[in-house]
Amino acid sequence: MKPFLIGLAIGTAILLFFINFGSSFRPEQPISFNHKKHHEQGVECATCHSYFKEQTFSGMPKTAACMECHKDSLTKHPDEEKIKQFQKNGEEIPWKRLYQQPDDVFFSHRRHVALAGMECKSCHGDIGQSEKPPTKPWVKMTMKWCMDCHTKTKANNDCLACHV
Amino acid sequence: MHKWGMVIDLDRCSGCQTCMAACHAENNIAIIGPEESAMGRTIHWIELLPFIEGEYPHIKARLLPRPCMHCEHPACIKVCPVGATYANEEGIVGIVYSRCIGCRYCTTACPYTVRSFNWYKPQWPKEMQGSLNRDVSIRGKGVVEKCSFCHHRLLKAREKAKVEKRELLSEDYIPACVQACPSNAMYFGDLNDPFSTVSILSRERRAFKLLEDLGTEPKVIYLSEGM
Amino acid sequence: MDEKGFNLGDDAILLQPIQRTGKTFYLTLFSLIAVILWAAGAYIYQYRDGLGVTGLSRPIYWGVYITNFVFFIGISHAGTLISAILRLAKAEWRRSITRSAEVITVLVLFFGVGNILMDLGRPDRMLNILQYPHFQSPLLWDVLSISVYLTASSVYLYLPLIPDIAILRDHGGRYQWFYRIFALGWSGTERQHHLLEKGISFMAILVIPVAVSVHTVVSFVFAMTIQPMWHSAIFGPYFVTGAIFSGIAALIVAMNLIRKVYHLEDYLRPVHFNNLGILLLVMTLLWFYFTFTEYLTTFYGGEPIHMTIFWMKFTGKFAPFFWGMFLFCFIIPLPILSFNKTRTPYGTLIASISVIIGMWLERFVIVVPTLANPRLPNEAVLYFPTWVEWSVFAGCVAFFILLYMIFTKLFPIVSIWEVREGREKSMAEVQERIKTYLPGIGVE
Amino acid sequence: MKFNRRDFLKMGGGAGAAIALGGGFWKWTQFPPVERLNEPGIERWIPTVCGQCTGGCGILVRVIDGWAVNIAGNPLHPVNRGTLCPKGIAGLQGLYDPDRIRTPLKRIGNRGEGRYQPITWEEALHLVSESLKDLRQKGEPHHLVVLGGRHRGLMRSLWDRFLKSFGSPNYIDNQFRWEEPPVEGLFLTQGINSLPAYDIDNAQYILSFGSGILESPWSPVQMLRGYGHFRRGRPGIRGRLVQIESRLSFTGIKADEWVPVQPGAEGILALGIAHMIIKEGLYHKEFISGQTFGFESWTGPDGREHLGFKEFVLSEYEPTVVSKRTGVPIDQLIRLAREFSSNQLSLAIGYRDRPFHQMAVAALNGMMGNIDVSGGVLIPRSIPYQSLPPLKEDAIAQRGSSQKRIDEGKGNSVDHPYLFAGNTLSGKPYKPKVLFLYYTNPLFSNPDPGLFSRALQEIPLVVSFSPYMDDSARFSDLILPDHTPLERWQDDPVFLNNGFPVLGIRQPVILPLYQTKATGDFLLALARSLGGQIQKAFPWNDFKEVMMVSLKGVFEAKRGDTFGLQFDEAWTRLLQRGGWSVPSYKNFEEFSKLLLEKGGWWDPVYDFGERDRVFRTPSRKFEFYSQGWEKARSSSSGEEKDSSFLPHWEESKEAGNEKEYPFHLHVFRTMSLTGGRNANQPWLQAMAGQHLFERWKTWVEINPGTAKRMSISDGDWVWVESKRGKVRVKARLYKGAMPDVVNIPFGQGHASGGRWSKGIGENPYRLIGDDLDPITGYPTHGTTRVKVYKG
């Protein structure tokens, strides 16, 4: 009986561990995008993430956007070939989404970037300097985290400002 | 500080129910099929209520669109055990769906029965899913919902005004029902501004509030029919 | 008094349920478990699909679950309150009934709370109540008062149990380790006895206001809203009365069963039933008084919105429930309880069952008709509970009986030490006590 | 502690159990995450024209990621100025109805069985074109019949052109609806065979004879906007509305006064009111003497004495007679007559009752001179389309076109869908071989739908163009699904209450969802495949091209402008009054671009006093005595009484005797399900009968007293039975029901369709259909008797 109970305990511990950490699985992006290199080439954030100043969302680059520069092979990176493959099949790059709001939370990039003048860094970290696509959000987006900042900056902390 | 309010002129209102449809489209209200409807489980954030009194042929009938009253002293807020429903600074009574535990105390406490409950998870055929409004959340099962004065439109309007570097104008923000009303029977605006249309109308002799004697002080004001 | 190597003597029969278990027990056990499993299945169905599987709708947002909540909380007043009052009143006949009463309280509270939880649309979020409490809400007052009540009545049940646990520990038999832990090293010394008596009387005093507050607060859930026929100042005392009323009835039923099943006719004598019957009679009249007042006030006020509901109860859709309530709560029990001849164990049993049914109907008649008649025009919907709601209700009852049965298998359902104390000490004590308040008998 | 194998296994078992149970439980307690259905995206608002009813409202469709997400009114469109009606909003659900027909379908089961097989458009075209070629080969092109419904604009021209070049006279218009404006009345009095405009915005007093102006007008939003203005749009003036109807409808509820009247008796009430106005001399004498014909008795050119309206009405329609027939007390009748004549401008609006009853209502307007004046009855100008180039008919076509029409109609003016059905069954003059159903659903939305289903059985090839599986499509051999309105190009010529002509442009807001094809495009392809002169008559590639050709005329008309704000409207009007036309475009390209951007074109001027346009009667006057009808009649039959050309009361033949069928049946419409087309839209279903909180079903309204007598209680299910059939509906007690009238709403009871319409409710049209009116050939209103019993 005792070993069984010990096993039970270990099992529970493992389970809790998994639930705690395992729920945030790490997605692999389809293209191993190098932000740093692009940045160094003088590509602006808005070139690929075209909407963050005008819309609620920032947008992920479409295949066509990539092909504007990568029409002719610029590098020997195998991922370049991948993009061309997507282009050929008429598909969009299936970017994986990292920053996901809960269902009833509405976040506006425009409100934060264009109106409040926040920098991308505040939420996305030094993504411009990263050489690999991030696998998890730079910040853990909890309500507390949002609200702390709102309090600090005297922004609106009304529930309805985000929960619509 | 704004105090948003609505005026419904019953003399102009034709009872066409456009407000109801507009609200459904705007707020992703679940489709309740025939069986569930027969059980009385429909969800309407604004609903046309019939008051039919008297006996044939001397009938006094009245049709009255009823959104959430966004009371100054709401009965619903007091009773919520988790603070999922509350009134914000501008007087809009809101619900945070992700906090609601579905005890339905607010639905029973509201004297205007404006609150609806999601008895099941709202579902749409996949052919329709993309046509849901992108600005309003989709409620899950087991939570209460009601009219929000299309608060998401206020957020958008504020954003737009700010981008254009100007003050928020009263015509920037109107709920979907007011926008769609064909006989222009509905007005929306700031009750704190003494010169706004709603303020002026709310002081008219025809103005009355629903169940005024309960002291809930609704911010929806009706104008009665007739001269 | 030396507890070691004791001889239970006449009271050995009280330990019999713990020592011996018959076939009937298992049969009952399994059938109860079957009912519970069925109910659990029904609830899982509801959990997955949503509250749509119930018969609830707009505007009848509350139904059987809330009725059950009020009902079970009401039943819970059986024990603690009655036992505490009897204890404080030093009513000697209490000795063999307090335990069975207190157990009802503690166990049934869980089902009261459980029903509220099962009524939630999002049970997965129920901890929001603790995480984001909003103290304006009467529902939160309920949470507070019920948890205080549950703690207090558990302690109040446990304290008088200690000496009996010690008996079980010393007596040998199964689960020695279990009894050892819970006996807290009771050895029956004077000091221990003194402390215990003190604790019990303290708890007895504490428990009474708590119990009264609990049901008042339950009534506040309704009375604090603005809804017609809920928004009434009388609701607090009305609910408390109703609670004690149904509580006593539940106690009589339980005692009758215990008496029959465990052959405790010697301990639970007709006099107990007679006394409780008289109490029940008083409550019947009190209940009638409150009901009468409530409806008469409404009727004379004649507010249309109230009157719609009033007539709906008297002659309308809810008339069967309303008059059923009146029949079961008043017309049936009153004559039975009024006469000495019928105030037998059997007679009180019938009256009690009737009262229990009647009180459930009363809760239903309070909850549903008001909701069916909102102030503004609304769809005329009919509420009838679905099989899910009935199953869950049955499951709750079955689970309660099961727990009660298991309790009788672990602990003596009649307090052994108290009975013995009564036999050994109280005779003299009572004589002394009576002397203190009878004129003409000198006191030294 | 030592571990042996056994212990280890046990431990593993324990851990496994914990993970399995705990994990399972954890997973189970997690509510499945709501898939986020509403991701944000870039939005565009595309102007187009709503296609949910005949209203012609301009809408803006919010499109995100190729999905139509919301519909709002187009603030520039003068019909609705940014507002909508419930149907307009539910257009989204019409578009995204999950049960739309997705490809062309060919029937494989029996008729009405609903078994179909998807085919390609090429196959479909081939099938249709082969059978049409066959018709022409046999020299019987007139055996092609097109049954057309409520559509307007160039599609109608295109059909006519196709039939002409093909050789069939048989375009049969099947858009008769009782709620429509009384066009026959207009034809009899003013010689005009199209819809009039009622300028309710500027009227002072409206006497509505059973017209559902607030529930089912032909252009709801416009009417409701007008209503708002009528009530409170003019400072100090509040219009008064009186509703005469046999049921307390929404219009009745909103009216200042409801006058309950026996079903179908509105006409005689109008005559009674006319009687009182004449008797008291309250009519507009100047107008009557100058611009009317037949008011006083007169002598014809042949020397024959003719009875005038005045004398006729005075002798026939005494208040006592009228009061007895209608149930309206005499003093009320007198009061109404006085109110109507003293509150100028007053407007009498009827419904499509029997033609001479319509005429009676029209005569009231004529008596008060409220024709062609602001606040009265206006005759809008038509849109100056450029007509399509003349076409050449080949010999077969010429022979075919000269054949008698199957419904015995003449030219384009009078259509008899019921005669079409009857003649198809009898085979006289001939049996049609191919039937096209375009925008019509006779198996549902015509009274006596059984007649049509029998008729359809007789036709070898029935082709439906419906995008939904409606009741008639289910009886067709081929279904060639049209685009829904939000997916296609179309023009939409309408007019405003104040008579301004408006041209809305419908453009696709999203790509077609399924393998559907605009019927206009199909027709062009069909013409191409038929070759010869037919092909030559249709040199265009698609319907949009046809549209652009026709729009040249609008551009060249040098009038009006593309839509603008109300301010622009006033400016344009000012300029035009001064003889200027300064539109916001310079060339046709600019014009067509602005047209699409703003949503359309309009001409915000109404020319008063153009008598030739307003009165197209032989006398060029408002006719109390219909000479036009007299001419049409005298050619077919001999001498008739004068009174048959004057507004008069015709007692209808009741279907069913009073003893067996004690109740009149009144079929009414609600705002949400006015037509037969909207039942597939849950938003509309969810508010079908809001005055009784009825939704998703059909109910019958019974007077509470009557119900009590019959011991029927609210919510019981009852049978309503007429001579023709019975329907099972939910009984609802309604105080606004007359004691001897039961009311059933129209709109439900589809035998086919999608999940949201099929098998829901009942169609009351199944109960009616006796007593066809001799002039319109259409069943008369309010003549069916029913009995009601529990079941």
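Letters A, B, C and D mark the chains in the order given here, with residues in each chain numbered from 1 onward.
Keep this in mind: a contact is a pair of C-beta atoms (placed from the backbone, for glycine too) under 8 Å apart; a residue touches a chain by one contact, two chains touch by 3 or more.
Note that the coordinates shown come from a computational prediction; the quantities given were computed from them, not determined experimentally.
A.B. asks: Any chance you could check whether A-D or B-D wins on number of contacting C-beta pairs?
C.D. replies: It is B-D, judged by the count of C-beta pairs in contact.
A.B. asks: When the centre of a chain is set as the mean of its C-alpha atoms, what distance in Å lies between chain A and chain D?
C.D. replies: Those two chain centres are 53 Å apart.
A.B. asks: Could you work out how far the Cα centre of chain B sits from that of chain D, in whole Å?
C.D. replies: 32
A.B. asks: Quick one: chain A and chain B, Cα centre-to-centre, how many Å?
C.D. replies: About 36 Å separates the centre of chain A from that of chain B.
A.B. asks: Just the number, please: Cα centre separation of chain C and chain D in whole Å.
C.D. replies: 67
A.B. asks: If a residue has to touch 2 or more other chains to count, which residues of chain C qualify?
C.D. replies: 122, 377-379
A.B. asks: Using the touch definition from the top, which residues of chain B touch two or more other chains?
C.D. replies: Correct list: 42, 50, 121, 135-138, 140-141.
A.B. asks: Among the residues of chain D, which are close enough to touch at least two other chains?
C.D. replies: 31, 34, 36, 39-41, 693
A.B. asks: Report the topology of the inter-chain touch graph, choosing from line, ring, star, complete and other.
C.D. replies: Drawn as a graph, the chains match no named shape, so other.
A.B. asks: Go ahead and list every pair of chains that touch.
C.D. replies: A-B, A-D, B-C, B-D, C-D
A.B. asks: Under the stated contact criterion, what part of chain D meets chain A in this complex?
C.D. replies: 3, 6-8, 10-19, 22-23, 26, 33-34, 36, 39-42
A.B. asks: Which part of chain B faces chain C closely enough to touch in the complex?
C.D. replies: 36, 39-42, 49-51, 66, 75, 77-84, 99-105, 107-109, 111-113, 116-121, 140-144, 210-211, 214, 216
A.B. asks: Under the stated contact criterion, what part of chain C meets chain B in this complex?
C.D. replies: Within the complex, chain C touches chain B at residues 49-52, 55-62, 116, 119-123, 125-126, 128-129, 131-134, 136-140, 143, 221, 224-227, 371, 374-379, 381.
A.B. asks: Can you check the complex and tell me which residues of chain C touch chain D?
C.D. replies: Residues in contact with chain D: 122, 124, 377-380.
A.B. asks: Hey, which residues of chain D end up touching chain C in the complex?
C.D. replies: Per the touch definition, chain D meets chain C at residues 29-31, 693, 714-715.
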